[in-house]
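The first chain written gets the first letter, and so on, giving A, B, C, D, E and F; residue counts start at 1 in each chain.
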């Protein structure tokens, strides 16, 4: 039995509240249960130095957790003067995941920055951030296309992410904090619609696992991402 | 005529949405029109080094703006590795304002940290933060009293803040961004219920002003803070 | 009775020792009693990035306290690797105050940096710094005009600052350290000759105060700044 | 055909040169072809703050690349004043991998730090570092056991790592730089002897891949790690 | 002929103005010609961590140049967030020089910090700082002895420093900026009364020099330091 | 008797292993006994900002010690976020020493960076680094000349360095760690072939020394550098 009473292959309540803030070109408050992440997409008419003059765009991400998004207050990274290794690892993952589905040449020489700020954490903040980032990016790209700035759609496929893990011996989908902190093994899967894998990050916490277990988690992740893809479509009105 | 069509002494729509996040001992999403600030109060059973062993508590604040809270994206302070002078100035002001109404001896040897994170900015973020911080602090203190951790109420009076300014020659209350960016002079007033001043920060931007103007702004601030005090009372159920 | 034996509206001995150092375009050692601040004005033939190519100048300030300017040694900000919030707040105030009396277009595309280094502190370092910065700026601008680099005087009015406070129930002018550390309320006033206010920063430390008290402090500040304006005139030979 | 002429399941020349430096409790220069990493294990008779007084030990890792380990010189992280996200991600992975095979209670209240410094890079620096770190750790633990500081062996199993990828459509083992920089997908596998997975980090660079491809890479990794386990045994004389 | 018209073995006007600031236990404004350095000695009743509980004291130094001490304004180290290599090199030299004449056991478990802040620079700031630091330290130690905190004098000998160099082929004493910036070779000598060398730092800038030249500079330094020792004696009233 | 049993004027075993790494334009592992430093020379077709457009080159150095190069592990500077004063002092010395023998105009508008990473420390790391840096620089310059990028040899003379000290009353050559940590006085000499001095840094640690002692150390240094010059010649095949 899972702490939340969910079935092994059952996701938490999932929602994408678009237009949560008004200034950004794309904005969404994504909820995976009690995990809530505000994602904004900001279009900037410039690219990082290494891409200047190459007629290609860029998509990047920044991630942060509000100090009291968690059970006990964490110190503010801006006050400490540096981002933790965990923060950097996560924002690099978000950026790679979104770049995996974006055609940079079609984007043109501009950059889209995805800011993922965790308002409340209950496990799975990075997977919620990736799933929400696609929605914010889609909205921003739609505006660029509507305005004529972009001719061809650079965002042909959807990407989503979900965490799975082995909890008390059972593979389960979409870990919440109670499961995440006691799982024997957990894995974050970033999947692209159509059955492709963008990224797998699987770690055995207390125990180790084998090929069979990895495959069972991958199959659960497929189920979960299919649900997320459907919710993403609905959120952006497709 | 104000850009928003408001009367000179008219505040924007004001709301305090308490319990916006679940982990913090006090939590509120405060809105002054389109300015929205999430304030959480975190109780920590320790005090800063300079107060250890003195049987007295502390209240402090941290302030941050999400990168895309504004019209154009600002760089993330955690990524730059330091907080701007503006950020530090504001969080020092918030802390002083709340300490002005807190009896530290009654709080006991513990610290309450008020995290003020601006979700969306449209002028007046620091005054919304102060006004909301009182609500979050009140809720956290009520929990400490309910649990028996504190015997006597350390928070006897309310504090609120509002900005006023001279816009096209007319003193107006509660500046929004359109007014703030073109005001000749503006002032932030932090007032305590009962007619007392906790803090005044008045600056002439393009022009200078005189005693008469300062007094007219102070009177507008009184009107505004009375409205905020009433809304604070309602938010915390008093 | 004030700790120093001064009357309520009596300032400390005031002096501006110009030419204290030889390299800067403007240099003055300003003393408000035992508070001594060295201010230099450095002319740089470039402007900050946001002003490039706009045919306008800039005036900015930096502030620092020598580690042993105070009763007990403070740690050196360069060694700690960052400026405190207090330092940044003060240097922002100094810069704004001087910009309030400078016509940037007449200054031309150049920057004047006002370095305010506190040699000895006894209360009122920021107000001494602002008052001295005007002298250093005036000297530097006079040199630019004498050399023909500037055609029209960009510095039409004087600016000065003084702190006032309520000490044991009495409003007093020009707080020294003994008063500053025990005042119920204090305020820094930055005034422009002719009766205008550039900035007011009023804070109730232990108590709160009201409109009446704020006005009484403002009137004391006027008296004080009139004395400073006279001393500034004499220092620059006008 | 691979750029190096190797067969798809062929590893590069592999060597562990133990005792490369004399001060560390464990020291090894590990080579995976032209990739050379110096790993030292330092025993410290203290643990991080969060473990004090818990009768348990800790294993952690730090990673760095010498500025000219690569084709073009990279800037030195100590001179830039911060470690890159890549560096932090890698050193976190190395630490987790070694902790997965260490019994912290048997280690006692002490810490072993694994410093992994890349002398020369030609692809696979993190996997060489993990594989070498086990050797350095084994040597250091053997000394602790020989001296009687530790009674029971805390390091019961071996851990090794290797990268695999899909290069021009073919799954290949142990990518060198030429392959790594042009692979469609690559994955780092951290495996524990006996067929268990400690960690999988799989990323599709230009393309995406599917379950089938992931499994083929995992099987190649098994082959590679078996070769590394044998070489580790030989290096430590077992 | 030297730019200043001085003879080859002639020092600049030398002065030690003691009691320049009032808070420090020792304070002196030292002038070597137009080079002026404010040195304060601060007594702290604690020692650095590595000396705790060892019944021994410590003497350390910090050095800084005010931004406009020089011909053109240098950026402020506190604003840049780090001390330059030059600053650190100089403050390490000052600390070593004073420790060379201090008996740490007699000082007792306390630290004296020597803050050397360059008000105006015209060559030789580090040598002026060392020479002045001895004066400030002497005054502070005298106070500790007068108060009974220290029983035996820990400062038995004087230390002084001077720079010498080869200017247009001639060895000269006490380089000013005009000479320093065009010298073929220069050396800083830290000497102890009685003919001993505490430190030599000799550098050939454009040319190289030989044993003979080094000796000639050392003899000039002896002359110079004898003059400084006499002035130090007079400054502290011995 | 020296701890190592060496004669007073006997150097440790000396070796230069060129081509130790493959990517750098020049690379050498230099050993002075158990002290081993990897030096690489990297040619960059750009110069620092202050030299741009001046048709002149630059030579600079960076120095670092691997955390466990020493008896006890030192913390990693990249992790601490800043380079120590000692590190900066040493890398400035290395850069100055190599620039003393390089004709920057002949080098052309390019920079050569000498990275000196201490693999193992046993005294004399900075002198080994300087001596090795000349070898790496010579190899890199030879490649530039062979490729035709440089027409005339910018590196006309050799430079080498060695430390000498007074150990138990006897002047000795090439201090190892056991001597260095107990020497009464020590000095680092940077000499240029032909009898010239590039730099002397002499410090009395516990005692002080006189002119006679300084000269005796200088003569030992001459002997030592002559041996190093011969080994350098051999290493680069001249």
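One rule holds for everything that comes next: a residue touches a chain if its C-beta (ideal position, glycine included) is under 8 Å from a C-beta of that chain, and two chains touch if they have at least 3 such contacts.
Computed from a predicted model, the values in this text were never measured in an experiment.
Peer 1: How many hops, at fewest, get you from chain D to chain E via touching chains?
Peer 2: Contact-graph shortest path, chain D to chain E, evaluates to 2.
Peer 1: Taking each chain's centre as the mean of its CA atoms, how far is chain A from chain B in angstrom?
Peer 2: So the centre of chain A lies 33 Å away from the centre of chain B.
Peer 1: If you average the CA atoms of chain A and of chain F, how far apart do the two points sit, in angstrom?
Peer 2: Centre separation, chain A to chain F: 50 Å.
Peer 1: Measuring from the mean C-alpha position of chain C to the mean C-alpha position of chain D, what distance in angstrom results?
Peer 2: A distance of 59 Å separates the two centres.
Peer 1: Between chain E and chain F, what is the gap in Å from one C-alpha centre to the other?
Peer 2: 28
Peer 1: Residues of chain D that touch two or more other chains: which are they?
Peer 2: Answer for chain D, listing residues that touch two or more other chains: 81-82.
Peer 1: Using the contact definition from the top, classify how the chains connect: line, ring, star, complete or other.
Peer 2: Topology of touching chains reads as a ring, each chain with two neighbours.
Peer 1: What order do the chains sit in around the ring if I start at chain A and move toward chain D?
Peer 2: Cyclic order starting at chain A, direction chain D: A, D, F, E, C, B.
Peer 1: Within their complex, state which residues of chain E touch chain C.
Peer 2: Result: residues 21-24, 27, 34, 36, 38, 40, 42, 44, 62, 64, 66-73, 76-79, 81-83, 87, 113, 115, 117, 119-121 of chain E touch chain C.
Peer 1: Of all residues in chain A, which touch chain D in the complex?
Peer 2: Interface residues on chain A, with respect to chain D: 82, 85-86, 88-89, 91-92, 96, 100, 187, 192, 195-204, 208-211, 213-215, 218.
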